[in-house]
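Here the structure is laid out as structure tokens; the discussion comes afterwards.
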Amino acid sequence: MAGVDAGNTAWVLLSAALVLLMTPALGFFYGGLVRRKNLANTIMACFATVALVSVQWVLWGYSLAFGPDKMGLIGGLEWLGLNGVGLEPNPDYAETIPHQAFMIFQGMFAIITPALIIGAVVERIRFGALLLFIILWAKFVYDLIAHWVWASGGWLSNLGALDFAGGTVVHINSGVAALATALVLGRRLGYGTTSMEPSNVTYVVLGAVLLWFGWFGFNAGSALSAGMQATAAFVTTNTAASAAALAWMVMSWLHRGRASIIGTASGAIAGLVAITPAAGFVNVLGALTIGFGAGVLCYLAVMLRSRLKIDDSLDVWGIHGIGGTWGAIATGIFADPAVGGAAGALYGNAAQVLVQLTAVGVTWAYSFTATLAILKLLDKTVGLRVTPREEMMGLDLTQHAETAYS
Amino acid sequence: MAGVDAGNTAWVLLSAALVLLMTPALGFFYGGLVRRKNLANTIMACFATVALVSVQWVLWGYSLAFGPDKMGLIGGLEWLGLNGVGLEPNPDYAETIPHQAFMIFQGMFAIITPALIIGAVVERIRFGALLLFIILWAKFVYDLIAHWVWASGGWLSNLGALDFAGGTVVHINSGVAALATALVLGRRLGYGTTSMEPSNVTYVVLGAVLLWFGWFGFNAGSALSAGMQATAAFVTTNTAASAAALAWMVMSWLHRGRASIIGTASGAIAGLVAITPAAGFVNVLGALTIGFGAGVLCYLAVMLRSRLKIDDSLDVWGIHGIGGTWGAIATGIFADPAVGGAAGALYGNAAQVLVQLTAVGVTWAYSFTATLAILKLLDKTVGLRVTPREEMMGLDLTQHAETAYS
Amino acid sequence: MAGVDAGNTAWVLLSAALVLLMTPALGFFYGGLVRRKNLANTIMACFATVALVSVQWVLWGYSLAFGPDKMGLIGGLEWLGLNGVGLEPNPDYAETIPHQAFMIFQGMFAIITPALIIGAVVERIRFGALLLFIILWAKFVYDLIAHWVWASGGWLSNLGALDFAGGTVVHINSGVAALATALVLGRRLGYGTTSMEPSNVTYVVLGAVLLWFGWFGFNAGSALSAGMQATAAFVTTNTAASAAALAWMVMSWLHRGRASIIGTASGAIAGLVAITPAAGFVNVLGALTIGFGAGVLCYLAVMLRSRLKIDDSLDVWGIHGIGGTWGAIATGIFADPAVGGAAGALYGNAAQVLVQLTAVGVTWAYSFTATLAILKLLDKTVGLRVTPREEMMGLDLTQHAETAYS
Amino acid sequence: MKLIQAIIRPEKLDDVKKALKSIGCGGLTVYEVRGRGLQEGISWIVRGHEYRIDMLPKLKLEVIVEDDEVERVLETIKESSKTGEIGDGKIIILHVEDAVRIRTGERGRKALK
Amino acid sequence: MKLIQAIIRPEKLDDVKKALKSIGCGGLTVYEVRGRGLQEGISWIVRGHEYRIDMLPKLKLEVIVEDDEVERVLETIKESSKTGEIGDGKIIILHVEDAVRIRTGERGRKALK
Amino acid sequence: MKLIQAIIRPEKLDDVKKALKSIGCGGLTVYEVRGRGLQEGISWIVRGHEYRIDMLPKLKLEVIVEDDEVERVLETIKESSKTGEIGDGKIIILHVEDAVRIRTGERGRKALK
């Protein structure tokens, strides 16, 4: 076992298990936020995404994203079916763990990113169309951006963009795609006139809690070894989540006179999103600032979105798009060389902010355009939306002939 | 700490924690599938099994299963009360972790195996009789088969049977026992005439998700060290679960016109079952095949079971019995020496299939017969079933005087 | 990375993640036990505590608890905002993991301790007052006692008191504070005359299960390295929880004629509490005794509490106060030098019992008095209780304008 | 017009639905209730203390029918929901003064059609 | 025969059940509802905007009784479910034209026995 | 006095509540039901086998009103809960013989005030 370290391997594999848990956790987070007639469908959408993208990832996804670089743009097909992706470490990615451990850890990120978009399409998308969308989006959007930012040879990576655990690749990417999706799909029937209250606050919290728990794997696991940087990422993750939860709680309290539970849970997620690109680079005071900022900014973004009457139903754009953008920029500001070796504007390297802005801009532009294209294609061919009658009856019954609970 | 490796110990202990979580997770999986009047009882049955078998395991179970071998058939009583099972590694089982770490990891398997059988007896067994059954079954069935297959000196182990994480010991064993149990116990009142719809699909998914999460500990933890084989097992586990979930989803879609949520969750479990014996031996393409096969075969087994009108209520036989059988045989076919050192038929060692068939046959035969004997005994002495009135009122109220939720 | 061991760091960070999960798990455990109109509020109280204490801990809590000792009584302010708490190991606390890993692991204990008290105030405390109480209690009670028992230089630590993972600091402390709180706050409206049945038994079990799962991090993680002592703590934890669950189950069966589900879950928690101070010091037979003892004693304590008509609504005192006291004393009796190096009365060191009694007595006295003082202050200034009308309407609606589920 | 309310066992719903459909009676409304009757429930005694469970889960089924259909519907529900065990439930008939179909505003007989 | 429907506070169920039992009235059916009355609920104002909560959880209790028992049952429910605070609820009486016991097919008075 | 029972779509509750409030009708009680109507539901066929879903979630809304308010309330509920699609639901009117306010013991008209 030359080169494989047991401590680091245990760390990365368990982190992968934690990240796996996040996607179904998202199902409960999202599921609790929709009306009961669509609760099981929402959970199912996330669950099926796990299965679908897992298979896609070992067949071709990993090869496209991390395979031998072609001009900085995409990975080659050399690693199809994990051909050549073995148990020996691949020093390009991680020196002390089996290559497949890196592969499966990355696979979990490939799963959750398209799943995040589900928050924008709930309660009205055909289940079959959703699966098609996810498989196409994984291939034409996720795998590419992942390559650019994280693969050895990716062009944004070469530019020096900092993205510790996926602020651009995962969060901006899914958040902006969600915006495009909400625009193409249109509003839910009765949006703005009928009440669409969340049906299960306890599931929202359950989901948020499991997401928080899994996020330790997501962020601290991204150090790919269990040492100082992982520890730093763990601490900043917990701190930013807490600060953002408090910030959103206070905002809701001031604004509506009551401390919102859903708001506090959403705030925690916003903080986790924002710290994601920064986790292994900033110190604890940076994390506090990023967290508080995320709580306030995402709260405002959600207010704005609702003013604009765009039915990004569960605010994927407001939380992941804006939270990710804020985090990516803040990484360029607060990166402390004592933590992860990279310096941000506060530590004399103002140029980093520009690099971060470039990565942010590129991700926004590409994700928005490519998502739009995929959706238009699907809408023209298979059709995206259920019929009005199905929408009124709810997706649990019409898509699955099952109900959440009775 | 001569010989104890921190990485491997962390790995095995955390894997044990993950496997512990599986039994209550099974409670939610099973609980969601029964009618609401029996939901809390079903969860309780699994929870109580954790407590009961945990105590049994440290008192005598571990000694019987893994204690000094007596003629390949059973462990001796030398290790009663963990006497002599200390913190130094036992090189017979695992060289780099404390002996007690191995013991407790194995204990979690001893817990979940009888708990799996609960799926065949729900909604009609007396709670006290169930506890008695579990304690007897653990002793006379589980501890023995575990000894044969896994203990140093066990006769099936000497034969060269491959069972990475419990295809025979855990899944065939419990699945076949479930069949015997369903036959002895008889059908639920109103079976086939009244509707017995699952009452909580979200709990089914929650349970399935936590089972999947825990299964990483179950399978990858069975490598007993955090290295290449653990990584391989982790990857094959995730892949097979996903493939089987997709396969079952598609089967239900074709067959009933809707993508079933419960079906997809069941498919994932079927895949996890089937990959269990193979996890550390096959490559990712083997895992895909085993997974797809499990999804299809177990779907058909469940159909068949329902045709035969055997009330194995939650299809333990169809999923664990058949999934485990398929997995055990498939291990003999697909085992890739590059992964775990053992070769199957595809790699030139056709004889392995015969060995596997032997282990499968022995487990079927012994488990079926011994389970039948225990049940007949209990039925004659204490009585297994609740009264018809109690059955109609539900086990939550009649066995515990509590209800699931209101 | 001189001195940082990957295996141990992975172990402690993952243990910290497990302990983090415990506080929201407690929310579900407690939430299931209250009436439905207060279910979301109870979950929220625990969730908000995570955010609140996390921020407090990095700002000043850690410095007060573990900062440079001042006369054995309290830590200095040198480490405010984690100033000087870096990524290099601090050999005073743990030699092989980053100092921040120790800090965050300890932070999770600081979170759950005040959260435990919530069980005594549910269904009637103003949400704002609760947050104030928690922040003050964390500072003036938790941080101090943690310093005395665990900080290098703390006076109880110097005395030689054994508290492996928080029997005094966490459990007696919160349990006694809960008693004080229940006395100051008074009974719920209609206590003793109207029915206050738990509304969700499945959440009680879900919470208990996740607590059990997290407790492996709590106890075995407290070894601060993944080796023999961690293994011992893991095994004793699982054993005591199981024994206590069985004991309580049997007590409820004998006493009320039915095996109570809530009782079995409560028993498991009682066992986990009692083994907490002892986990790394006793052998498995000691753990069995401690567990069975906890099941019986806490059951009796709960009966007594209900006779006295003190509305410690969810029996924090009966389970954590009494369970912790029993565990702390039992540690002095059963500590086996072969496990953790310390000897108890059974191994010839009767004096240890006296030391334990001192630590217990000090914690009871200080926690009770200081909690009383804080509560009186808050009651006089901001007011602790909601209005009777709010109490009748339920805290979900009146404090958060949200409901648990519909 | 009459409103027929039946309290039945939850597991009998499918049978009743099928039976009603077969006599051409499509519309119905159902919800979960808990009930206790005169005799049903179980009790047990532990050291002199009696414990009782009496509130059991039932379904309530409501059908609005024309006067002349009452007997047929009544009979159908009764037959299809009967097990013969205590706890089968009750059916009652209430008088309905008028009915409206929300979609069209039709009233009386037409609201049901 | 009459159907007495009472909307009560959830925490009062036990008291009402006990009280009904004590006057020999065993049968009853209960389910969860949410209600708003004329005055109850709470409201608060944040920067000029008013927020209101008005739908509160209640229980609905139904008892089928003989005509001559109506007053006694009414009184019993009223006394045992009263707190004197706003929101205690209402009781109404509906006329029942006939009743059937599913198990036996008995009708009218006999269905209740 | 009359009891108006309306079966409506769950998403229409807010509209109905607002509309009722606006005509000064504050008190109401609501609960979840599932229903099937004459036409609504969906069905699909797989290899000759027909599958059907017919029980859909609805809300039942109950308002106790004075006789002279019946028409206004009826109209208000109808208008505010209508979508024009099949499945909008029904409203029925039952006669109430008497009403009691639990808190005060007032009866009849006064119980509603």
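Each chain carries a letter (A, B, C, D, E and F) given by its place in the written order, and its residues are counted from 1.
As a working rule, a residue touches a chain if its C-beta (ideal position, glycine included) is under 8 Å from a C-beta of that chain, and two chains touch if they have at least 3 such contacts.
These numbers were taken from a predicted model, which means no experiment stands behind them.
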Using the contact definition stated above, find the chains touching both chain B and chain D. C, F
Same or different interface residues for chain A and chain B, judged by whether over half of the residue numbers are used by both? different
Per the definition at the top, count C-beta pairs in contact and tell me whether C-D or A-F has more. A-F
Just curious, how far off is chain F from chain C if you go by their C-alpha centres, in Å? 49
Chain A and chain C have mean C-alpha positions lying a whole-number Å distance apart equal to 34
With centres defined as the mean C-alpha position, give me the chain E-chain F separation in Å. 18
Multi-partner residues of chain C (each touching 2 or more other chains): 5-8, 10, 14, 36, 203, 256-258, 401, 406
Residue numbers in chain D touching 2 or more other chains? 31-32, 51, 83, 85, 87, 94-95
Every chain pair in contact, whichever chains are involved: A-B, A-C, A-E, A-F, B-C, B-D, B-F, C-D, C-E, D-E, D-F, E-F
Applying the document's contact rule, which stretches of chain D touch chain F when the two form their complex? 1, 3, 17, 26-31, 64, 94-103, 105, 111-113
Spell out the part of chain A that touches chain E in their complex, as residue ranges. 254-258
In their shared complex, chain D is touched by residues of chain B numbered 35-37, 190, 193-196, 388-390, 392-394, 397-398, 401
Give every residue of chain E touching chain F within the complex, in rising order. 2, 6-8, 31-39, 54-55, 58, 60, 74, 77-78, 81-95
Parts of chain B lying in touch with chain A, wherever the complex brings them together: 5-8, 10-11, 14, 18, 32, 36, 96, 197-203, 205-206, 208-209, 212-213, 216-217, 220, 225-228, 230-232, 234-235, 238-239, 241-243, 245-246, 249, 256, 258-262, 264-265, 268, 283-285, 288, 338-339
